[in-house]
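Lettered A, B and C in written order, each chain numbered from 1.
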Amino acid sequence: MNQRTADRLATLMFWCGALLVLLILGALLGYILYHGLRAINWRFITSPPQNMAAGGGIGPQIFNSFYLLLLSMLITVPVGLLAGIYLAEYAARGPATDFIRLCIETLSSLPSIVVGLFGLLIFVNMTGWGYTLLSGALSLAVINLPLMVRVSEEAIRSVAPEMREASLALGATRWQTMWRVIIPSAFPGLLTGMIIASGRVFGEAAALLYTAGMSSPPLHFNDWNPFSPFSPLNPLRPAETLAVHIWKINSESLIPDVRRVADGSAAVLVLVVLVFNLLARWLGGLMHRRMTAA
Amino acid sequence: MEKTVARAVAAKVERTGRDDACDRPPAGKKYGELIGRSLAFTAASLVILITLAIIYFIAAKGITIFTVNGISVKEFLFGRQWAPDRSAAQGGPLVGASTMIVGSMLVSLLAVALSTPLSVIVSVFMVEIAPGWGRRVLQPAIEILAGIPSVVYGWIGLSVLVPFVRSHFGGNGFSLFTGFLVLSVMILPTVISVSTDSLRSLPGQWKEAALALGSTRWQTIRLVLVPAARTGIITGVVLGLARAFGEALAVQMVIGNTRQFPHSLLSPIMTLTSAITMDMGYTIMGSLWNNALWSMGLILLLMSFLFILTIRLVVRRGLVR
Amino acid sequence: MGKRIKWLLAPALILVLALAVAGCGSGKNAGGQTGGSTASEAVTVVGSTALQPLVEQAATEYMNTNPRAQIEVQGGGSGTGLSQVAQGAATIGDSDIFAEELSGLDAASLVDHRVCVVGMAAVVNPKVKVDNLTGQQLVDIFTGKITNWQQVGGPNMKIVVIHRPKGSGTRATFDKFALGGAEETAPGMEQDSSGTVRKMVAETPGAISYLALSYVDNSIRAVKINGVQPTVENIVSGKYPVWAYEHMYTRGKPTGAAAAFLNYMVGPQVQNSLVPKMGYIPVTQMKVERDAQGKVTRK
């Protein structure tokens, strides 16, 4: 066969590969949404789960997932951004910097269950907190930190060097340059990174089994005092997230409508991930157009 | 770009009310720089601290079974029997994790073997064949695939794949085969995104040179681009391998969990991760059994080191080449 | 934009640190005060995932009638529950097994409260038309001596054994009272979660496993053991031996809020309505008693 035929066949192969991946995704999404969408209604999203009767919902679990997301982002973003700034701006080429990079790579290839075990040891047992939102948030921060650092560093490096030089030429310090010129310009990349990390937080279960726990105390949504044990805002309470809830009810639950709740939860999870993705693209594009309006 | 700079100058002039505001550094700027730089340095040190802490604590817990309980490393790594609760009267506890180590390795390697060709094909598609369509359609698709939680993959594997394997391939559906099928889909996004980045970063002149010499697109891809992006692709593959090795919940639901060596693709297996998730809650912290589970965690940690070192080795050789 | 980010991140960092400090402060008295509240004593219940649904439901109802009560229920497994209560990290530890049965634990300091009885049945795939198994047949199946259903009067199908994890209370109970103490050595699969086991047995032809009665439904078939049906009546009278207590352990005698909650757990509201509704058996209904060594006595 001559090269032209080979080329055509190869093109066919590539198209088939791409279509296969799209097919897999479509089938997965289709399965999840088909089985789960009919369970989703306002009551399902807001009511607490039942332990033995039918009709439970996933309200507290959804709240826990988002709140955990917020808490872990509060930790991940500052630390990741600052570390990225250090690597991009201040770090000198040498063994120390190499070591930092090695640590980042190590953290990024850790299995999430190992991070969960570490969290159990430190954030649950050693600190005496027990299973809490904070333990879960810290463990998730450990998982997401390498991603955030890498994304920050890349986003910063990808900003045109002329901007940096111009700012320095005007007399700004390196820090001022970073804060006022480069970070705003790198913002879309940072945002994308944050949203990818958020997606991971939402779907994570293995690490949270051992840190945030598999139960949620009854939440009184009119109690906003973060120090009260029934308050949804209290970070020192166990908090079962949506992904963990799916795991739990598939394992040990006695409710008669297990399939409805499990499928509905899976559908909600996937929908949230979808929304996050769309939001990321839309926001990223918007910010990019506004920031680089020049 | 010039607008931002001009804006900065104008803002500074306005704020200080001086025309020569940009010629003289204002007071207090030194402290700003110092604080900022220290914050950044602290964050970087925190990263090192966390990594070292994880290594230390997991290793400390992981070796207690050797130091405190007296199990030999050889038995743990190569022993085939797992009976940590066997009483001293019956001969003492048996702590052989080799079936689980082999199970983990087999399922991960097979998952990568299946996933890599497909990932490279899709990456090439996204970068070379249909870049516009690739970025608009496939990129979000890959990101969504990556966002589906592992518990959902596991449940779909259990509900759909297991009966399918059972009726079309034999066995009882819970097998090494089902396990690596599920894993290969789960690691697709990882391998694809790293390979795509690698292909995208290739200098455009190489492709143009090949085409100018009269190659077809396929020849260019096959003989120039993919070999050139080899380092990145291998990095992606090893990252995918690491992810497969560390997957716990999805795998646990479809592999059958039998503590024996598989004798065919359709036999059930057991992985280190599913052993840990199944047994952790039933053991007491500090007991021999519990220590054995932490040692499995240590093996997972060491394997991830191995993966990183492999990547670094590959990258270094690639650069030198 | 740069200024705004800076001002947002600084308080964020401070907030995180503040929370951590507040947490460290109140975390030190984990068993006593949860979340720094000074209202009433908080009770943390940790342990068995099999008992968790019952305790969670009871705790919810208890807190509805006693608004000042704070009961926090978590899972983690019997082993976790027992070790946490022994260490003092939890007020109450739920367990599927007697504390004495778990090695590595000093059971002398723990006080047992039996809150209900859970029966266990051997279950098979519906395609297996076997109604009854003798004790010896069960032992032979689970030790691998019998490998085909034909050998026990069933269809010509390979027996697929699904074990439970070695540390689980379910397995301990089944091995002790259905297999007469024999070890499950048959080559087969292992699965922890009861829900998944039920699904596996329902869908895998030739499968056999064992489940708590509360999980048995129409998708699987429960077999008689030595001619005795696994029903509540047979367990209560002592005819069917495969059952175990669900324990709630405290370190020393319970006081205050913990005692009140435990009283509620063994009281009529829980025992007469909640327990049977969830498929368990009230302790008071049992006509026989069993101790940690397995000796059965008439009450």
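To be clear about the criterion, a residue touches a chain if its C-beta (ideal position, glycine included) is under 8 Å from a C-beta of that chain, and two chains touch if they have at least 3 such contacts.
Computed from a predicted model, the values in this text were never measured in an experiment.
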B-C compared against A-C, more contacting pairs: A-C
Per Cα centroids, the chain farthest from subunit A: C
Distance from subunit B to subunit A - Cα centre to Cα centre, in angstrom: 16
Chain centre separation in whole Å, for subunit C relative to subunit B (CA means): 34
Subunit A-subunit C separation of Cα centroids, rounded to whole Å: 33
Residue list for subunit A, restricted to those that touch at least two other chains: 78, 81, 125, 179-181, 250
Per-residue overlap in subunit B, given as positions that touch at least 2 other chains: 277, 280, 285
Subunit C, residues touching no fewer than two other chains: 49, 75-76, 192, 196
In the complex with subunit B, residue positions of subunit A that touch it: 3-4, 6-7, 9-11, 13-15, 17-18, 20-22, 24-25, 28-29, 31-32, 78-83, 85-87, 89-91, 99-100, 102-115, 117-118, 121-122, 125, 142, 145-146, 149, 160, 162-163, 166-167, 170-176, 178-181, 185, 196, 199-200, 202-206, 209-210, 243, 246-247, 250, 262, 266, 269-270, 273-274, 276-278, 281, 293-294
List of subunit B residues in touch with subunit A within their complex: 1-5, 8-9, 12, 22-25, 29-30, 32-33, 35-37, 39-44, 46-48, 50-55, 57-58, 61, 118, 121-122, 124-126, 129-130, 134, 137-138, 140-152, 155-156, 160, 185, 188, 192, 215-219, 221-222, 239, 242-243, 245-249, 273, 276-277, 280, 285, 294, 297, 300-301, 304-305, 307-308, 311-312
Subunit C-facing residues of subunit A, complex: 51-52, 71, 74-75, 77-78, 81, 125, 127-132, 134, 179-181, 183-184, 187, 213-215, 217-218, 226-230, 234-238, 248-254, 258, 291
Of all residues in subunit C, those that touch subunit B in their complex: 49, 75-80, 82-83, 102-105, 160, 165-169, 187-192, 196, 199-200, 203-207
Residues of subunit B that touch subunit C when the two form their complex: 83-85, 158-159, 162-163, 166, 172-174, 253, 256-260, 268, 270, 277-290
